[in-house]
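Order as written gives the chain letters A, B, C and D; numbering starts at 1 within each chain.
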Amino acid sequence: MEDQQLLQFFSEILAEADENEKSALYSLLEGVLKKQRNEYKTYLAGLMGIKSKLLDENTYESIIPVRDLVHNPLQMVHGGITASLIDIAMGSLVHQSLPSDQAAVTSEMNIHFLSKGDGNELRCRSHIVFKSHTRWVIKANVYRDDGTIVATATGNFIVIPRKV
Amino acid sequence: MEDQQLLQFFSEILAEADENEKSALYSLLEGVLKKQRNEYKTYLAGLMGIKSKLLDENTYESIIPVRDLVHNPLQMVHGGITASLIDIAMGSLVHQSLPSDQAAVTSEMNIHFLSKGDGNELRCRSHIVFKSHTRWVIKANVYRDDGTIVATATGNFIVIPRKV
Amino acid sequence: MEDQQLLQFFSEILAEADENEKSALYSLLEGVLKKQRNEYKTYLAGLMGIKSKLLDENTYESIIPVRDLVHNPLQMVHGGITASLIDIAMGSLVHQSLPSDQAAVTSEMNIHFLSKGDGNELRCRSHIVFKSHTRWVIKANVYRDDGTIVATATGNFIVIPRKV
Amino acid sequence: MEDQQLLQFFSEILAEADENEKSALYSLLEGVLKKQRNEYKTYLAGLMGIKSKLLDENTYESIIPVRDLVHNPLQMVHGGITASLIDIAMGSLVHQSLPSDQAAVTSEMNIHFLSKGDGNELRCRSHIVFKSHTRWVIKANVYRDDGTIVATATGNFIVIPRKV
């Protein structure tokens, strides 16, 4: 695909876009740019606009802005996005804590959806419940900015050797 | 944001993009176009490129192409994408089957991740296990195109009146 | 504790027992006898009166009679008993199929309770969804004798070396 | 069944019992006596020897002694017993807190088994994560007396009108 065709395609979409769609497009391009620059490791993280940090040795926080890009058809945060937020927050906590020659894969995840995801942002806090040489169990809660709990989850991770 | 600025932003991303990124950009724009045209109801569905159909009264199939847009950092399908595929496939089956004055929300979802998501596409088949006036329980399995099972899930849906 | 004291204790309970309680006592003693004779490996199995058989290479069936011994306060099968039935049925299927130098432990179990457990007996069918060298995933459904589904479950088992 | 036959049956079991079995029999009869006197509402609770108390408005603690009656074939607490302990502790917390014209049924339970259940007793602490008019979500952790976590669980309860 030639650059000229891609630009033409983008122009056509832009010509039909209303203000909300232009805003979504801009956010989406920001995510793509960060993926290109390796600030995000996945397009999904770019779509979500996720930001994460370690709060303490045992607790990790990931935040996404609530915007059209993550909505379901009812204008609330899509269940798949909430699940992704949880998966990313739990997996990042595990990888942050593992020695550099180990990785981990999610083997199981259980999510209870409790309240609508809306407001300005969703905040996911994950913490370690159990760890052994082969297995980590992590819990995570997702909150709205008004403090309401949106979801609660438990995940099981299997530790594997990291390929060099 | 002016159209001219958005076009400029897109051009800059394009100028730095390699072939894989251009291909991802093209797929992403296709998804955005379909969202604009209301063929997709969410940007997430556009990113995933999901296609769905009812196989029989009790079984629903949703398929996504495996491509950079849905990869995790290890070049396999992101666990959050697999979870989204399952959530969409189960929820669509419920909504397809409910009377028009009712809707349903996912209250709980349990996923076992079994094998890497790769190949050409992932295929999710969901079917109804239980339904009452207030509650539906759905199972779903995700397969690679070589037939390997990637994930198995159970979801609980609460039936609510649909607002008109 | 002297035998004489135990007999005395039993007599006192018997003296206060109504017909239902005598029937429950009799069933309970049957279970204890079978535990003593190693026909049951646990007292829990004796209380439940469980009977199991392999239906085919991939499917295992366990049945319990519905009687006072397994009731909750509402005279339906106790959720803990249903969970035990599922755990036993799934675990037995795994152990039946593993080579003799391996054992397995339940690492996770997810149960959806769907209908009241009553009627004459509950029947649990478990089957293998996934197996690798280190991990098995099993599904199980519990049915009443009128065919109604009572519960559906997924379990994750970790394979370990069997100590000799 | 005549009392005399039941006594005879009990005597025969007793005649073959070793010290461990006599001790288990005594504990079992204690449980039956408490069921008869309505101190326990179920035979399962009697087998388990469960004791519970409300620690504060939001937290409930249930404890069982670790003894032959609750062992699996490997002399550790049976997974079904741990599941029962969790189900009872979570359900009791809900019923303790509901108004008198409402009851609740477990609709879903997810348990991660983390360490062997042994030591002198298992202690389960449950607390409320979410409640609405129709649904409560409860978490529970099970600990050994050395403080090791044995299991962690989440349960979903549906509130129903209590029949008078």
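In the analysis below, a contact is a pair of C-beta atoms (placed from the backbone, for glycine too) under 8 Å apart; a residue touches a chain by one contact, two chains touch by 3 or more.
Bear in mind the structure is a predicted one, so any value in this text is a computation, not a measurement.
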{"item": "Common touching chains of chain C and chain A", "value": "B, D"}
{"item": "Topological distance between chain A and chain D, in contact steps", "value": "1"}
{"item": "Intercentroid distance (Cα basis), chain D paired with chain C, Å", "value": "15"}
{"item": "Chain B and chain D: spacing of chain centres that average the CA atoms, whole Å", "value": "41"}
{"item": "In chain C, residues with contacts to at least two other chains", "value": "107-108, 110, 112, 156"}
{"item": "Chain D-touching residues of chain C, taken from the complex the two chains share", "value": "1, 3, 6-7, 9-17, 21-26, 28-29, 32-33, 36, 41-44, 47, 68-73, 78-81, 83-85, 87-88, 91, 105-113"}
{"item": "Chain B-facing residues of chain C, complex", "value": "110, 112, 114-115, 129-130, 137, 139, 149, 152, 154, 156"}
{"item": "Sites on chain D touched by chain B in the complex", "value": "107-108, 110, 135, 156, 158"}
